[in-house]
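The following blocks contain the structures, represented as structure tokens.
You will see two complexes here that share chain A, one where it goes with chain B and one where it goes with chain C.
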Partner chain A sequence: MDILIYGTINSIALALMALGFALVYGISRVPNFAHGAIYVLSGFITWTLLNSFGVPYALSILITMVLIGILGAVLYQFVLIRVRGMAISEIIASYAIGLAILEGLRWGGFKGMSYTLPVFIEGSVIVVGIPVDYQRMVVVGLGILIVVVLWAFTHFTRIGLALRGMAQDERAALMLGIDSDIMALVSMAIGAMLAGLAGAVLLPLGNIVVESGYNVLILAIAVCIVGGLGSWVGAVLAAFLIGFAQILTVVYLGSHYQMVVALLAIILTLILRPSGLFGMQKELEERV
Partner chain B sequence: MKMKGIGILAALTAVVFLVLPGAYALAEKPITLGCPLSTAYLYGWDAERGIQLAVDEVNAAGGVNVGGIKRPFKVEVLDTRDLEPGVPVSEALLAVEKLILEKKADFLVGGPVRSEAALAAMGLLSKYKKVAIFTTGFLSPKFHAIVAKNYDKFKYGFRIHGEAVQLVKEIMACFQEIQGKYGLNKVFIMVQDVAHARGGGKVLGKVAARKGWQVLGTEIYPTGTTDFSMGLIKAKKAGAQILNIWMDMPESSILLKQWYDMRLPALPFGSTLAAAEQPSFWKATEGKGEYTLCNVVNAGNAPSNATPWTMKFYDAYAKKWGVEPEGLGSSSSYMAVYVLKDAIERAGSLDSEKVVAALEKTDMMGVYGRIRFDPKNHQIIPSFDPKEGAVGSILQWQDGKRVVVFPKSIAAGEILLPPWMKK
Partner chain C sequence: MGNGNTEQRRRERLDRGIKVRSDGLYALMSWRELAYLIVPRLVLIVGLLVLPLVMPGAYWQRVITIVCIYALLALSFDFLAHYLGLVCLGGAFFVGVGGYIAAMFNSSLSLPPLLTVPVATILGAVICTLLLLPCLPLRGVYFAIVTLMYPLVLARIIEALDIFGGTDGIMGVDSFANQWLEQYAVISLVLLFLFGTRRLVNVDLGLVFRAVKDNDQAVRASGMNISFYKAIAVFVASAMGCLGGACLVHIYMWAGISLFALDFSILPIAATVIGGAGTLVGPVLGCIILVPISELLREFGTLRIVFYSLILVGFVVFRSEGLMVYGERKYHQFQRWVKV
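Right, the complex of A and B next:
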């Protein structure tokens, strides 16, 4: 039962970490290697608002979301737009931005363990004999909610439909009057906000450390490669595959093999099925 | 008028006599202390602060008497990054070599911090015949084994703090105390995937089993792990009563938060537990880390009256840096500067061979007791009694404070159990 409970929690946490990356790539085809840095930065912004400016916690998270969304849009408009379509340049540029953010934070003194965010709800509950803290239940609830909201957004709103159009065929979308650059900018903003939201809900489980940025990026890439780059459905499914595989590894092999699971998943997918579970070779619509 | 003139002359003479020795010392060529430290991490910055504090004190008192000439110390710090996950040992070695060749360090004090990096750096000490005092984080027992085995090659290295085997002895003695008081005898070991922690955990497991403890399992975590829940559930299922933790990563505070959230009926006992050593631990865990025990290796890293110098150092550190001594490298790094000063003055020279010989004869009362090195392996001589040797320190977080609970000779309180463990 502990495998089922913590496997589900771990999987949803992975999905939360990866959704922003998958969304940006799915729409703009830009692999945002600054994703992990944005995740960590959002945590530090919330911490600063909460502790240095005394802003209430919920409002701090809200302001962080807005700021991070603007940051995502700015990064696209002033950096990534110039290299869009050049895959290697996109990777180099976005990774450089991520490095600058993370190492800049470290240089600025954001190091050590004193940067923590409070949990949303204090305490824990025993589920079938297994202790689970309320914050992890929030992770599960919010993870499901985000998937539902994203689905509804991309199926029932004009912007969402335009984003889907972009993801399916950029040239066709252009012919229908959809501005691809605006949509890519919107996708970067939403992707950054999703990274920020993941940070807001996951970081209270631990503390905010610069190194998390690199881990989150690796996990997001692993999830997206296994799921098929650009496919949200694939990303969610891959999150469950990797999430459960990690927990099973911890239980039967040991915790120090946990990270190997994600890396092994990348290697095996690239060897056996380079497009991933729901990648380019699948129905285009499945990507959104 | 004449009296006024004499007064001014007397005052000037006094100023000259009082100030000149210090000023003269500062005018002399400084003795450069190269400090290779992982500065973004606790065991790096606490050592840097300890070294800087001691250097400031020594320089303010006139400097180091080298064969009749007073010379000041100068600190050169380079970041080895060796505590960061994924950073190769070669980074630390580059920093060490740069300190020797570019910064012209006369001596090395501090790290490298990670045992793997420090052991690798010993080859460089031989190559450049550079005396180094290791002061922080380097806990592997391989150090003194290597020096003893190949003395001529590795004699330039000294370690001024406790090491893993001594830590295990102290922890086992403390375990026995807990067993006697509360009847606990089941231990679950959680270690970080680094040399000193793996080695320490393994040794502790063996020793504990020999002494009749039930060792229920060992869980190894990669550096940077942020979720310990499955390991904690394993420990709970196994019926653990003590969680023995060997981790120097800041993420170890998460482990304690998760331990509290699960109300796990096992007393957390950090053999090395960087998070719990720091005064900011209480805030970082929002008080959830209460009852955590933690070995801070040497006295002075937590408040106690081990020697008359202990609280003097403690208060000076807190005054200078605005925070109490934070980690296992604070008091030892501070003492290393005074020990080196003493050795240089006795040697009357900066010559490596002479300073090595002088360091081997070191015998002084310091912050954490009597400081002496074993002349055969250059490891500081430990003791449970500060009058006899370097005394360790195990603290417990109680009501927001770090209370030293072991050894008895310097303890300021008793070991307590969390309320959910009381029968």
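Right, the complex of A and C next:
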């Protein structure tokens, strides 16, 4: 029962980390390697607002979301737009930006154990005999909420439909009067905000450390590759797959192997079924 | 530009006459043309060989050695990325494998460095190639992602299993006999591999490599096994990386998890982008520029990673051709304004 409950929580946490990456790649085909950096950055911005400026917690999370969204848009508008379509340059540019953010934070003194965000609600609740703290319940609730909201957003709003149109066929979308650059900009902003939101909910569970930026990036990529790049349903399913696999390895092998699971998942997926569980691309053209 | 009454001009680039004349065998007929071909190469060779002699003090001589090791890594990245189309974000993987093998052979079998370095190069390249073999069918983003993971995970496995010295690393590795041997060994290795890879990409095998990059389906349609050729290229590239790692271990007299650090992955990429991608000389040039700057910034700690990440972004986004391509163009061509 332990495994089931903590596996579910871990899976939803993974899905939260990965959704932003999956969304940006699915819509604008830009692999945002700065994803992990944005996740950590949002944690530190919230911390700074909370502790140095004394802004109330809920408000500081809100401000962080807005700032992070703007950051995503700025990154796209001034950097990534110029290299769009060149896979190598996209990877190098976004990875270098992520590196600059993370190492800049480290240089700026944001390291050590002293950076923690308070949990939203103190205390814990007993779920079928196992104590689960409220923060983890918030993670589960918010994870489900985000998936539902995203689904509704992409099916019922104008921008959401345009985004989906671009994800399916960029040229056809262009012909129908959808500005692909603006849509990519929007997707990048939303993706960054999702990363920031994931940071805001998940970071209170532990310390904010710069290294987690790299881990989040790896996990997000692992989830997206196993699920099939560009497929959100696949990403959610893959999050459950990897989430449970991780919990099982932690229980039976030890916590050192958590990251190894992610890499093995990537390698096995790429060898056995390169387009992932729900990949939308043709295998030969895109990957192999 | 749009208004009609002013005359419009455009830049026209033409090859210099001497370039055209020295393209063929006729270059052998005149000293001038010969010099046109040889002088740039000589400047690089002589420059590299003289560099250790003019450096003030042992510290900067050590920097030259580090420059050369990064140059090997950058060469390996450039070769794989721009002649095979495989973007390898994990140069640290090669460094780590080569370094650990050299350190182990040296500390447990007490082989001298002159023996462990070649052994680590060959054995390390074989191991790296075997480990990367399953990923070779991938390309583009996918290969980049997988190679990014390798060094991170290998470091974690070493940490978790506590093998090869665990987090402490392997101490007490022998150094080279003396500093001059060390410097001239790495400098001549860089020159050897630089001109070696330049030759390699122009022989038949290199043509197949470039064909794999441009259109691998066409290569497959011609009845050639793409993965086989990719494996050969990965072997060559990882041999360069492992060689760099092995030399590094003997210079620092220590092997540890920091061999898998990001520095070894990102700085060569930055050097390649700055120096000029796809020229093979460019990465070496980029290292000669970047590594000393990075040494000067050492006191700022991780700020130097920020610094060269930003340089990298700037060059990728705004000046993607790099210094060497620019220099080559100025050397071979002149430009003038002509009326449209």
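We adopt the following convention: the second predicted complex is superposed on the first by the 280 of 288 C-alpha atoms of A that agree within 3 Å, B and C clash if a C-alpha of one lies under 4 Å from a C-alpha of the other, contacts with A are read in each partner's own complex, and residues count from 1 in each chain.
Everything below uses one rule, namely that contacts are C-beta pairs under 8 Å (C-beta built on N, C-alpha and C of every residue); 3 or more make two chains touch, one makes a residue touch a chain.
Please read these numbers as outputs of a predicted model, since none were measured by experiment.
Asks: Between chain B (first) and chain C (second), which, if any, makes contact with A:97: first, second, both or neither?
Replies: The second partner, chain C, only.
Asks: After superposition on the shared chain, which partner residues are touched by A:211: those of chain B (first), chain C (second), both, or neither?
Replies: Touch partner of A:211: chain B, not chain C.
Asks: By residue count, is chain A touched more by chain B or by chain C?
Replies: C
Asks: Could you say whether A:6 touches chain B, chain C, both of them, or neither, answering first, second, both or neither?
Replies: Touch status of A:6: first partner only.
Asks: State whether A:263 touches chain B only (first), chain C only (second), both chains, or neither.
Replies: It touches chain C, and chain B stays clear.
Asks: Touch check for A:130: first (chain B), second (chain C), both, or neither?
Replies: After superposing on A, A:130 lies in contact with chain B but is clear of chain C.
Asks: With the two complexes superposed on chain A, say which partner A:242 touches: chain B (first), chain C (second), both, or neither.
Replies: Touch status of A:242: no partner.
Asks: Touching A:83, do we find chain B (first), chain C (second), both, or neither?
Replies: second
Asks: Check the residue A:106 against both partner chains and state whether it touches chain B (first), chain C (second), both, or neither.
Replies: A:106 contacts both chain B and chain C.
Asks: Once the shared chain is lined up, is A:250 touching chain B (first), chain C (second), both, or neither of them?
Replies: first
Asks: Return the residues of chain A at which the contacts from chain B and from chain C coincide.
Replies: Residues 106, 214, 254, 256, 259, which sit in both footprints.
Asks: Hey, which residues of chain C end up touching chain A in the complex?
Replies: Within the complex, chain C touches chain A at residues 81, 87, 89, 134-135, 137-142, 144-146, 148-150, 152-153, 156-157, 159-160, 217, 262, 266, 269-270, 273, 300-303, 305-306, 309-310, 312-313, 316-318, 320.
Asks: Sort out for me which residues of chain A touch chain C in the complex.
Replies: 31, 79, 82-83, 87-89, 91-93, 95-97, 99-100, 103-104, 106-107, 214, 218, 221, 225, 229, 254, 256-257, 259-260, 262-263, 266-267, 270-271, 274, 284, 286-288
Asks: Can you tell me which positions in chain A touch chain B when the two form their complex?
Replies: Listed in rising order, the residues are 2, 6, 10, 106, 111-114, 116, 118, 123-124, 130-131, 133, 136, 205-207, 209, 211-212, 214-215, 247, 250-251, 254-256, 258-259.
Asks: Contact residues on chain B for chain A in the complex?
Replies: Its residues touching chain A are 40-42, 84-86, 193, 219-222, 224-231, 233-234, 236, 250-254, 257-258, 261-264, 275, 278, 280-281, 283-286.
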